[in-house]
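Sending over a structure as structure tokens; questions will come in a sec.
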């Protein structure tokens, strides 16, 4: 096995890097810029049963070292994704992770059931942490019992491994992580965005039409590292780490904190080639730091 | 290639807070469609985080120069204005779907209607329309006479009508006040603030092409930050929305809900 | 009254700017650089009953757009503060806010009782949100009932108004805010630091000896704005806003979000003159934006 | 004045990753005490956030120049190394309590012991000691001969002993291997990595002055990031700790727990 390959349930990744959900649509845009087979995996935008229009614009606002978004899970709906988006991805042989969301447990179950049957879907990412929708989303992610119940239900209908995407907007993320592990989650994705807001001084109103949005980018990296480190002490399932990864060192920092693979979100907007570039730099940087294989450094910070 | 460092060859303030910047590099070879834009990175670090979308104002493919005109609004454009000749700027582009020059037949009368920093992309468009044999009438709206820029350049393309809100030059009022007075034309192309676009769409007697603005994340169609609603679902994709960065910024009049 | 003066319980401030607790010690260092009377108020370092040694070093680490600290409430203890630090501040006639902390309710009460008797102390800031100590600190700030109980007890012994300093590391800050308001808090201070971590890639270990630390600086500003905005909808008591204030626009943004005054922390480390500089710039900026008086913009974002 | 923009007059790489930078400005008038440091701001924005502490290596009060020598370690020093002549750097300083020159009586033999980037502050100190009539012996430790810098400069001050870990030049081993061999001296001054300082304190036959490093927040004594424990409580303040930025960075040997 290559020094940078990583193996997670359902995900045999030639390198640890995937784009983060919502920052890469269904792959077609970045697929015009480079060969998506270079990625360790591809994580696509949240899918819901019905088509969603999302929030009114403006949907993004810049912040120091980061950005807010309030897309509101806009997506063409399960049927369209099954018929158009996933088939387009068939030409790639890199694992596909589908992020799923819903208003109710039944919604989630329906999407999971259908999506997990698709032969080129390797895993589901259960989004219980979207801060930008009124119902569903984050409400499932802030209470351990609710999160565990949803995980259990989705697991019962999914043919592929389920990664639960955790919200950082909680008092005790370890409690939620252990609860979903107990409910059968195959892995965790962390972190989703932090709730934030910005005000336009000229109007006195929030810049985002949705008022609040999710904070992503470099600014949140230390929060992500801390949460992954804390969760790593208490759970055994793999973690896909994300939140402010821009540079090759960030990948290593996330893995030392306890991540088994990583996802890159906001950085794609700054440099559309960031994923393949980071992958290219990885081995050189490992050499400089004397790291043999990536799997050897996972969770090193808590040794 | 879609991203490259380009070198600043010229930068000057041509009106209060309005800068013309000229950069050079092989990326210009692809910049043939007026109305497209580029997404600029104004600093190397994380501050600011996002790229800034700026329209293509003019391109000299032989000399490999790209001209842009921008207004200093906030942090990003301020940093851009501080850059000097010889500095590099990372540019992602050309992006989006520009103005269709081929929509104008030879001898068609085309009205270009621009307001504020919506004016720059109309210049490259006007040049191409003239080259294609169309007749160009331009209406440019400014707040006051001090704000006027690109006057001579547009004059060379055909008739130019300037409107100012305070009447300090040209027609007093808005671009639509001048548009109303125009007799016969075949189509229009417009870019500017949304209220202006709405007014133009209502006032114009023909169809036309409208260029929109929206806050962007990725600029390439991947994040869904910049959507607008379509009046009718797109027949091929079945989608009820369009992405301004990749499906636009230019749309047919009546196509999107302004 | 001047356009930039603000009035809060116990705090008649000639301008809305005070240094944030822990970033200004007891004033003596910055007092060498400028006249502290220029400040709207002075908020001093956390005081505990006993002297505290704090955490081992390194105690700070830099992060993108911010920094982590794990000072661990090091302070010379109540007696020393009463005998040496507060008397030194007597020469100033700007309001003094004393941040207090403890291991137990009794600790907090003792410090509050003694400190509030000092004639040049205008208010107490009840620190229930320090993320860098094992006992006390944040544990009081993450549960609404505990926070309310402590507030009530401290109020019962304090001769001066009590501002409760909230932790952002919670699922529902509005719940905590309303609980402490119900328990009699005179005001709120928000936000304290977000829990974060950084790893040194060469060693694989956390940079901070304490492993985790509190994230402050520009990076956290959108989180602070969001929390203040949310809390402002539900509580009536004044809010001292803080978290990433570096520029004059930030002051206005915090006030539009709902803060009645602001505190500047990390920015002092970048520019030791930042507080007087921001105060100097305030009126010009208000003119540019057409703002008559500061009090008129408080909470404008939710109108 | 304690903070000002200073202009870069010179910047060069004098050994691998080791840069000498010379800046100019009136702030130098206050930089009379060797062993003090300045806190540099390497960029205007928020990235990086914190200032970088760098020791004063030499000052020419008449010409108003400050010389510093630094190693490129991470982001901040990398950005500093990218700056060119004419650029400005914002400098806060001089900060802290430096080496007491007056502790050496005329004709006293003073040993200066430096390792790596702990060497620079010893140069300004050595010059002042010589000027005050003391005799200076310098021991400088490097990893290998390629890393050596300031050799000629120290040679001009008196005897210079160089140690290298790999023996490629001078004494093979550490500074303490050279210190052990020294016969008689009256006091020492040292700056370098903590393990070296410990070893020097144990090896030296006299008392001396030790300059410490720690990660800093404010650099002026306000945040308590940079404390070290005192062996005994300070008699005046009653405190059990000292702040390296304002009470130090220089301490008397035996005063702090290393």
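Odds and ends about this structure:
We call the chains A, B, C and D, going by the order they appear; numbering starts again at 1 in every chain.
Criterion: contacts are C-beta pairs under 8 Å (C-beta built on N, C-alpha and C of every residue); 3 or more make two chains touch, one makes a residue touch a chain.
Protein names from UniProt, one per chain: A, C = Dihydroorotate dehydrogenase; B, D = Dihydroorotate dehydrogenase B (NAD(+)), electron transfer subunit.
Not measured: the values here are computed from a predicted model.
Set side by side, C-D and A-D show the greater C-beta contact count at C-D.
For the pair chain B and chain D, the distance between C-alpha centroids works out to 56 Å. Inter-chain centre distance (chain A to chain B, centres taken as mean C-alpha positions): 35 Å.
The distance from the centre of chain A to the centre of chain D, with each centre set as the mean of the Cα atoms, comes to 47 Å. Within chain B, the positions touching two or more other chains are listed as 46-47. Touching of two or more other chains is recorded for residues 63-66, 218-219 of chain C. In terms of which chains touch, the assembly is arranged so that all chains touch all other chains. The touching residues of chain B, when paired with chain A in their complex, are 2-3, 41, 46-51, 92, 214-229, 238-241, 246.
Across the interface of their complex, chain B is touched by residues 64-65 of chain C.
Per the touch definition, chain A reaches chain B in the complex via residues 22-25, 28-30, 33, 45, 51, 53-54, 57-67, 69, 71, 74, 76, 80, 207, 217-219, 246, 266, 268-273. Touching chain A in their complex are the following residues of chain D: 46-47.
Residues of chain A touching chain C in their complex: 63-66, 68, 142, 169-172, 194-199, 201-202, 204-206, 211-212, 215, 218-223, 225-226, 229-230, 244, 246, 249, 252-253, 256-257, 289, 297, 300-301, 303.
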